[in-house]
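Each remark here refers to the structure printed beneath this line.
Chain nomenclature is as follows: A, B, C and D, assigned in order of appearance, with residue numbering initiated at 1 for each chain independently.
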Amino acid sequence: MPVETQEERPEIMERLYRVGITDLRTVAKINWKGKVYTFLPVFEVTIDVPAEKKGIHMSRLVESITEAMSEAVEEEVGGAHGSLEELGRCVIRRLEGKHPHRRAEVWIKTHLIIPRETPASGRTTYEPYDVEVGVIKHDDNSFEKVLRVRVIGNTVCPHAMANNNGKTHIQRARGELEVRTAFDEEISLEEMIDVVESSFSHPTYTLLKTVDENAVVQGMYRNPKFVEDVAREIFSKARERFKGKIHVRVISEESIHKHNVIAETWS
Amino acid sequence: MPVETQEERPEIMERLYRVGITDLRTVAKINWKGKVYTFLPVFEVTIDVPAEKKGIHMSRLVESITEAMSEAVEEEVGGAHGSLEELGRCVIRRLEGKHPHRRAEVWIKTHLIIPRETPASGRTTYEPYDVEVGVIKHDDNSFEKVLRVRVIGNTVCPHAMANNNGKTHIQRARGELEVRTAFDEEISLEEMIDVVESSFSHPTYTLLKTVDENAVVQGMYRNPKFVEDVAREIFSKARERFKGKIHVRVISEESIHKHNVIAETWS
Amino acid sequence: MPVETQEERPEIMERLYRVGITDLRTVAKINWKGKVYTFLPVFEVTIDVPAEKKGIHMSRLVESITEAMSEAVEEEVGGAHGSLEELGRCVIRRLEGKHPHRRAEVWIKTHLIIPRETPASGRTTYEPYDVEVGVIKHDDNSFEKVLRVRVIGNTVCPHAMANNNGKTHIQRARGELEVRTAFDEEISLEEMIDVVESSFSHPTYTLLKTVDENAVVQGMYRNPKFVEDVAREIFSKARERFKGKIHVRVISEESIHKHNVIAETWS
Amino acid sequence: MPVETQEERPEIMERLYRVGITDLRTVAKINWKGKVYTFLPVFEVTIDVPAEKKGIHMSRLVESITEAMSEAVEEEVGGAHGSLEELGRCVIRRLEGKHPHRRAEVWIKTHLIIPRETPASGRTTYEPYDVEVGVIKHDDNSFEKVLRVRVIGNTVCPHAMANNNGKTHIQRARGELEVRTAFDEEISLEEMIDVVESSFSHPTYTLLKTVDENAVVQGMYRNPKFVEDVAREIFSKARERFKGKIHVRVISEESIHKHNVIAETWS
């Protein structure tokens, strides 16, 4: 029989809130409105360790991921989880039968590729977004979720524009929106992405023919914005649409400086 | 006269808590126990924006850094700030005369290189550590500081050792300790580094002659530790020595897996 | 009619070898041995610019990717490209009808997730690998390809083992193998991954039950290796199996140091 | 007596060209035109291993760095190495007395902070640059050096400007210049930085008061440039001023796209 060192009493008796595996890359399938999409996400799965146990059985966390995955894959479209947070909760549910714990977290980080239409020529363009979903089971057995999106856009400086007869500096910016809410709150990552993307001076596109490029350029100059303006617009729209604790962070990669500027706020 | 767009009333009236510059690399000098050390830190400096102002004057934040720096440089040893947090507070003090605000933060991230002695041959070895210091001025004018260190060490698995007659898997690990406390609390980054470095299975060294390597190897096998054990030891020592809110995170870069394991807790 | 600035004569007349788009993340499907796999790769596509043209039409490079992709997607299993290099060549073929050039390159970087069996319990485990494929069309119209894999494994120090009665230091290591060869040379990324993974002290696994962990630990101690040994074994196996120019780089993330060690060689 | 496993005959007899330590962060001092500057660089030091030796003695490479450093530090201004490449060669010279080899390389990566004057208000601003210096001793005992600089600037699209009555998209860009040349060729990193920085639509500054910002904005619109134009200008200036093999790479972080564009060429 193998020794189970994890079950021993530790020298320092202290509850640890988050113990587990991190930076584990694997494959996952999500049934999104009736169509199955494949992702290559990075997982973090943690549970708490009570003061009187030396450690956790790490392999059971990996098994929970693998089983939640393969169940979905086997049953194909019908069985695939309906969202990343459903997948996360399913991993925790499987973990409940495998490893005692009072608290558990699953974090899933991946890219979404969403088809869009270019602004003038109406072509299809595929836009990439970074998303992260956390599912947290608390000591009282309640489930919370954390949804994060990170979207690339741009800022057009209204101060330089006012002082230079319409000339200004423009740059890429990135907006991050986090909503922390009850698990059952219906919030889609796509709507969160829309909130951020529509708050820049203009959305960006992977494919832009000359007529589209002109539309984007003209649109940017009609809509000059400080990084502060972008943060406020994201915050205001998010608070209106999403129930929960909201955190907004916008970074503008200034074209006239070597450093970035930042605007951040939260509810 | 230039237009001051920043002073205008914004469309969306919402206070922003953190607006400023980030990822700004520069040079800084610190007088550490009577000797002047040079750093190449990365700065973040933010202030709040009230609901009724469109934006902040970013260049004044840069000026505050530059002036705090050059004052110290000009006066050389005598004038250099005594610590990274002193430098941070000095940046905020200069900002007070330049830009109205109720809340301000300065974050300074850099590397420390500390001389050590190798365990058997007694040679000098220079060990690198990542540190970050945040100074926060709250609405009520009180100052808080956040001190962070990140130290590289190792873990030696006690479970594998118990099941394989003393053979086990060993790997590099990194430990992170954060203390959030009143500005005047005396806590040195060096002592925080010691707390983390002494909690691994064994400290690591840049220079190791064969006798030193043997000492480290023998020491590691005498002190097998889960990532949980390392986290608990850091947490317990830190709570004993440092007054404030403590956060510990240890990541073990498993030699038998492609992913990492993590243990995290806080007070 | 829009102005075509790109067609103008530049002030400095100099041929540029590589002009295009980079860091473009999108979705791709590959038909690998009769089954369709989805990837979220990052693309770089470049062509040369002759001395007398000011620039290239960037959007045509994006169109080539999108069309190569959607063609494959529409025709599903039958139409999906049989490999990442087939996809790369298909992008270049589409580019030929869109944009004059003498030289073209497509680089595709992604993750592969490959099912394996654990060493003792025989369970299925999914292992992640980083791969990159480059397809280069030269001035003479010949096609070359560059295949790269990056695999995580470990090293067990034979020097420390010999000096400490079997005790030693062990750590995670990563091995990189590049083969540069004619486009039609049949080399699979999976075989390249096997070459690297089998050259460490022991392969690593995402899922390891206690019996598996014991097997890995015992196996590591039976097979101590310097980073030099790993590099030589990869190099020797690769040269035997793959026709082309070979480059090997192994990095060992030392558990007794804060820095890494490296061994690199090439044919 | 310790066993010297490194001196044994390896199973696979194959010369390795580059074996050593990498990612080692430490402190260094350089006497630059009579004033001593401190850096916190990252080192890579490698030597070759002949086919008949199993490995190298890694600690001797660390000693070479430490000794080259402390010699310079002890003798202060007079003794500090006159440049990063002098320091690199000094590390190799020390290595010659410690470890037999036919080939050696030292790579030093750090940041330079250079004082500049703002374009209108004439204030002092400190600008950060990434630099890397490689010193290579070949089998025939000749020394070669590789100098690399990475500079942040911007591009202003001339195509969009021509099609939108002077409106256009602007973005941050980064330019990389590498010169590979004989060790004794006199080339300063500062001059290389100037070549790159002067080739963008406009240089960037850490500190910009409103009058300076206006000057930069006006200057950008007077000098629209494709990423291709920037690459050609860097290449042409570099070839005129520096003897050696030149490589240029410019990345423009497009404000209208989520991906980047690239222009690259070499001599």
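FYI, a residue touches a chain if its C-beta (ideal position, glycine included) is under 8 Å from a C-beta of that chain, and two chains touch if they have at least 3 such contacts.
Quick caveat: nothing in here was measured; it's all calculated off a predicted structure.
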item	value
Chain whose mean Cα position lies farthest from subunit C	B
Where subunit A and subunit D are represented by their mean Cα positions, the distance between them in whole Å	35
Length of the line joining the C-alpha centres of subunit A and subunit B, rounded to whole Å	26
Contacts with 2+ other chains: residues of subunit A	2, 24-25, 128, 159, 163, 206, 208, 210, 213-214, 257-259
Category of the chain touch graph - line, ring, star, complete, other	complete
Complex contacts: residues of subunit A adjacent to subunit D	127-128, 152, 154, 159-160, 163-164, 166-172, 202, 204-206, 208, 210, 213-214, 216-218, 220-221, 253-259
Of all residues in subunit C, those that touch subunit D in their complex	2-6, 10-12, 14-25, 44, 46, 49, 54-56, 58, 158-159, 162-163, 226-229, 231-233, 235-236, 251, 258-266
Touching residues on subunit D, where the partner in the complex is subunit B	2, 24-27, 37-40, 59, 62-63, 66, 70, 110-111, 113, 124-126, 128, 206-211, 213-214
